[in-house]
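Only one structure is covered here, and it is reproduced in the block below.
Letters are used for the chains, namely A, B, C, D and E, taken in the order the chains are written, and counting of residues starts over at 1 for each.
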Amino acid sequence: MYLALMVALPFLGAIAPLLVRHHSRRTISYAAGAVAVVSLLLLGYLTPSVLAGEVPQFLATWLPQLGLHVAFRLDGLSLLFAALILGIGLLIIIYAHFYLSQHDDAGRFYACLLLFMGSMLGIVTADNLILLWFFWELTSISSFLLIGFWFHQSNARRGARMALAITGAGGLALLAGILLIGNIAGSYQLDAVFAAADAIRAHSLYVPALLLVLIGAFTKSAQFPFQFWLPHAMAAPTPVSAYLHSATMVKAGIFLLARLFPVLGGTFEWFTIVTLVGLATMLFGAYFALLKNDLKGLLAFSTISHLGLITMLLGLGTHGALLAALFHILNHATFKAGLFMIAGIIDHETGSRDLRKLGGLRKAMPMTMWLAMITSAAMAGVPLLNGFLSKEMFFTEAYQQHLFGGLSWFIPVLVTLGAMLSVAYSIRFVYDVFFDKAHELPKQPHEPPIMMRVPVLILAALCITVGIAPMIMVSGFLTPALTSVAGADAEVYIALWHGFNLPLLMSVLALLGGIIIYLQRTELFNFNRQFDIRDAKDVFAGIVSRVTRFCDNLMQRIETGSLQRYMAALFILVLVFVIPELMNISALTGSRPQLDVDAISLSGAIILMAAAFGAVIFHRQRLTSLLMLSVVGLMVSLVFIQFSAPDLAMTQLVVEVVSILLMILALFFMPQRIPRSSTGGRVARDILIAGFVGGVVGSITFALLTRPFSSISDYFLANSVPGGGGTNVVNVILVDFRGFDTLGEITVLAIAAAGIHKLLNNLRPFMPSGDVDGRAWHQVKHPMMLQTISQLVLPLALMVSMYIFLRGHNLPGGGFIAGLVTAAAMILQYMANGVDWVKERFNYNYQSLAAIGVLIASLTGVGSWLFGANFLTSWFTYLDWPIVGKFEIATAILFDLGVYLTVIGATLMILANFGQMTTRHRPRQEGH
Amino acid sequence: MSKFLPAPRLSLFLLGFWLLIQNNITPGLIVVGSILAIAIPLFTSRGSDFHVRVARPWKAVEYCFVVLLDIVKSNFSIAAIILSPRRSIYPAWVEYPLAIEGELPITILASTISLTPGTISIEFSHDGRTLLIHSLNVKDAEAMIATIQHRYENRLKVIFQC
Amino acid sequence: MLTTVLQFAFFMFSVALLLNLLRFFRGPDLLDRILALDTIYINSLALLILLGMWHHTSFYFEAALLIAMLGFIGTVAAAKFLLRGDIIE
Amino acid sequence: METLYAITVGTLTACSVYLILRARSFPIVIGLTMLSYAVNLFLFSSGRLVIDQVPIIGAGEPYTDPLPQALVLTAIVIGFAMTAYSIILAVRVRGEFGSDEVNEPNYQAEQEDKR
Amino acid sequence: MLDTLPFWLELTICFFIVLGACFALIGSIGLLRLPDFMTRLHAPTKNTTMGVGGVILGSLIYFGATTGFNIHELLIAIFLFLTAPISAHLLAKAGMHRQLKLTENTRDLRKKPEQFSDEQS
């Protein structure tokens, strides 16, 4: 439980800095710091049990179907890393408080940092591979945010993007690998996976899985050849670099290797790949670290090289190698974080990070100098410092391995070479900055605020103490960690002094060689200048731009901007998918007995089809095809009547009429003459498509109709009266059983109306001054007879609509139809008497009407909560009043009222707004 | 014409209409109906430019029956025209001078004309005092006008007192 | 007897509808089409009433009522479009 | 009867599809509306064709399946909203570009260039 | 259900229905046969309306006889008789406006045609 809390805390805590972001910088930092401290305390609370050898676990099922659980474990390895993440994280937070300038958004910074911290904790404590991957990607994202923190700098953006691209891609590979492993093991829970280790290694898919996982790990921890994103990530604020690239982010890959070592490790493939990649990375990093002039660049490459070192150790995979790896993880984190902070300090105080500009700072900042010397000495592997010990062990392993048979000797040699280089750049880091001759600097350098040095001080102290008394300091930590990697309780022994032996000789060689290389570095630089190594960034950029260009071309070809083409493609696709299915049906005709045709149905069908064809034939004469459409609509409603659906018939009728009105309105703004645009070929094509689609749909319908079916409706039929208090089952379904649909539906209507309202805003439509034959419009706007009758009809229409509304619950009718009837009556007023007339008499705000409608409906739904019922459960009872007699009252009627109002509001909003355009704007004549 | 009952006759009419549409008479319906019959005019009264003043209700009823009768007659005559093969018809434009005033009476008259023997009212003259009629088959325009006058217009005069 | 008569009526109205359809297609003027449309509306209204009698239910009454009310509006709109172009002004 | 119904739905769909494939906005709107009619009929058919069994309790057993009716009713409404929206879009486009071409204005030009 | 009525009642119902049906058909025939728009206008406005009226009357009696008190079909008739002339009127107006071609034997008995012309003056 505490475990889960520990992981969850940073995520929750990430909000804290944002909440107080408008307070002082101090508050924000405290908020962030507090979060880290609490998590650290939680960790501390858990530590003893872990050291005692037990593994606290937490399990909550999330998606059991996918074998995905929220499962955490805190074994030795996790503890080691968690301690690093939280400890150094805390130091970073303190450091960042002084590092960030006033106009940096500290709230955002700390939020991202905590987010990242949480994700890292998640990775190291995840007990489920998929969960692990989940956090893995989270780190990619949060690190993206952190690296791109100064998003106003283009290089920051580019660096962030590159980091995200590489690590993200790696993450995908990792996911694939994890899925493979999970499939083999039959579970994603770590214990199960560990248990299935041998099976996995024996499995035929082992190699692919291994490769995929390794890609994931290598991209994350910047191993060759994926190392190039790391230097560019240096565009991040230094605290971020210090955190991400010393202790956490890049260590995630290492952690993964360590975590999966029991499962994947120990095989020949593992050894070859991991070791060699590690070796290559180490040399590569060391070499370029020496060449870099940028302080942080130097550190970045040295990080790469150290990661390579650790990777290599993991690759070797012997007991000692693993110990060395874990130990070095610890050490590297400490001194590298320190170094980054120092780089930050220097940058902060001098305004420059360029080794060629810097120099002679020893007077200005002696304290910092000492810290720098200690930490970089640790990096170089000077005796009595932690770096020395791990490097010593590393040498031992490198020289003890015999994995390349007769050629095994080249490993120690190269290793020593790498060590020399790292010594060289360590010296360079210290000497070029602090000794050397002073130069002109942007700022007058002086010691940073004390609290900025304290974190470094702590780290440096750790370097020394660990270096002097490793067993006391870290063995406690390392034992369980080693156990969880190497299995079977491994004993840890780290000695200061092994006596005079080859490793010691190698160290000495490394130190001396390093010094020589440093002294001769100018030659090296010149030598290096001869061939210009293309910056990886350009390669990356090139790839990216090529991809984008490819996509552009593709879009060009697909997105022609021709709706016709899209539509055609769409329909053809439908056919492609549906036709095979239809072919699978053995017989189109089902077993259901069929009705026989009668005269009306026949003539109705004939009329319907004829009208449909008419609409097609006359589609160039708009009004005609519109009339055809309205015949179709009428006939459809007759069909509904014929097949016992009066509600549908009525709805269809009103909707049909209203939409016809709408279209006639729109017709006025359409160009009057339509050139014959489509070529014969296109027409033929379209006819073909249309024919096929029609045929397919028709046959599906037939197949459907002729098959017997069972429906869930018996429930509705049975419960309509007892449950919904209405005899019109359709209406009861709408307002009660599936009331939520209806609520959504009227909301859609309201939204559509609102959207239309906006669409019509400040639209200046074209308006023809006369009809197609150039005849001027008739003078009389509002024919007298029409006016009179419309005014007579209005009350009657309202009465009818009320009638339909009130009976809806028990008989065909209901709010929707009633609403449209009312709307239609109002539209009649508009048509007969004009906008202004209606405005001055019935001045209602249709928007609010619709809104009120939706509100009422929703409130009715919510109301049922008050009675402890579910949302939109309708309540009804029968009253018996003296004169009135027995009658029913139901909340459903309220809901229906909501529908009624919404429909009126929305419809009038659409039509009236539309109609007003002509009165609102001065006509804009055709052609001008 | 009180504030709450702007048009009592209309309300009464609506109540009747309500019962008619309900196709049933129960106390409950009457209550609901009267509520609506009072409520709806409150809403619509502003929306009618004219006041329906039926001075002689019984005359109105009589008028309805006369019209119905004529409708039936006219139907037969037109049926004859339609069904008779190859009988040439004599359509004509005829002007009809309006004697009555007020939108409603005129509208009613025009409607009646449209519904009854072979005539359809088409246009009002600009001054609105003459009605243009299209007659499907007319020998003697004057006679037709006379019929319309004494059969309908005079009755409407009596009914609406205009 | 009533049964046969109803069937007869159905037949008549079906024919009537088909005739209207013919005019509807023939035109020649838009107005003819509109007129035909109006007639189709009214005839189908009658059909509904007959259907009601045939099935001996009054459930089709409201639909018929709506046709009577709304068919009119449609026709008016179309006519006004031909007269003024803009039907709501 | 089923056959007739199926044929009708098929025809309706075919016509609407053809209309939707036109190059002008107005026929497309008409096509969309017609298509929604067709779709409604299709959905409705999932309740099968039943004559004179109105799903109103008390109208006399048996009752036809009310559920498709309820769904189709909703569908009709949504269809109405969609029609309204598309028609207004068409008007808007006409107002903005002065034409009711549904293909991007430059599309024709591109075609010319290709030839 | 359909055959439980007394004979004379059934007879009247049938009479009205047949009458209505016939008139509706005649109306439609007229719509098809008559020479020009104006004359065509007459057929539906009168006969079809009347035809529907007949049917309505029939069903009125029928339901009255079978299910007791029943008059609400009247409403439909009312609406029809209210609206049919109006639509006819508007259509005719439009016809005038569009100056549709009429049969040659249409006589213009107007004394002052100009006051009906809707040209801008």
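Following the convention adopted for this analysis, a contact is a pair of C-beta atoms (placed from the backbone, for glycine too) under 8 Å apart; a residue touches a chain by one contact, two chains touch by 3 or more.
Everything numeric here is computed off the predicted structure, so don't read it as measured data.
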Show which chains lie in contact with chain A and also with chain E. B, C
Chain pair with more C-beta contacts, A-C versus C-D: A-C
Note, CA centroid farthest from chain B's centroid sits on chain A
Far-end chain from chain E, centres as C-alpha averages: A
Please work out the Cα centroid separation of chain A and chain C, and write it as a whole number of Å. 57
So how far apart, in whole Å, are chain B and chain C when each is placed at the average of its C-alpha atoms? 22
Quick check: how many Å separate the C-alpha centres of chain A and chain D? 36
Whole-Å distance, C-alpha centre of chain C to that of chain E, is 11
Interface hub residues of chain C, defined as touching at least two other chains: 13, 15, 17, 34, 58-59, 65, 69, 76, 80, 82-83
Send over the residues of chain E in touch with two or more other chains. 29, 41, 49, 70, 72, 75, 79, 82-86, 89-90, 93-95, 97-98
If a residue has to touch 2 or more other chains to count, which residues of chain B qualify? 17, 21-23, 110-111
Give the list of chain A residues in touch with chain E in this complex. 773, 775-776, 778-780, 783, 785-786, 789, 792-793, 796, 800
Where on chain A is chain C touching in the complex? 598-600, 602-604, 606-607, 610-611, 614, 623-624, 627, 630-631, 634-635, 637-638, 641-642, 646, 649-650, 653-654, 657, 660-661, 664-665, 667-668, 767-768, 770-771, 777-778, 780-781, 786, 793, 797, 800, 804, 811-813, 817, 821, 824-825, 827-828, 830-832, 834-835, 911-912, 914-916, 918-919
Where on chain A is chain B touching in the complex? 784-785, 787-789, 791-792, 794-796, 798-800, 802-803, 806, 829, 838, 841-842, 883-887
List the residues on chain B that touch chain A in their complex, please. 10, 14, 17-18, 21-22, 26-28, 31-32, 36, 40-41, 43-44, 46-50, 103-104, 106-107, 110-111, 124, 128
Interface with chain A, chain C side, in the complex: residues 7, 10-11, 13-15, 17-18, 21, 24-25, 27, 30, 33-34, 37, 40-41, 44, 47-48, 51, 59-60, 62-63, 65-67, 69-71, 73-74, 76-78, 80-89
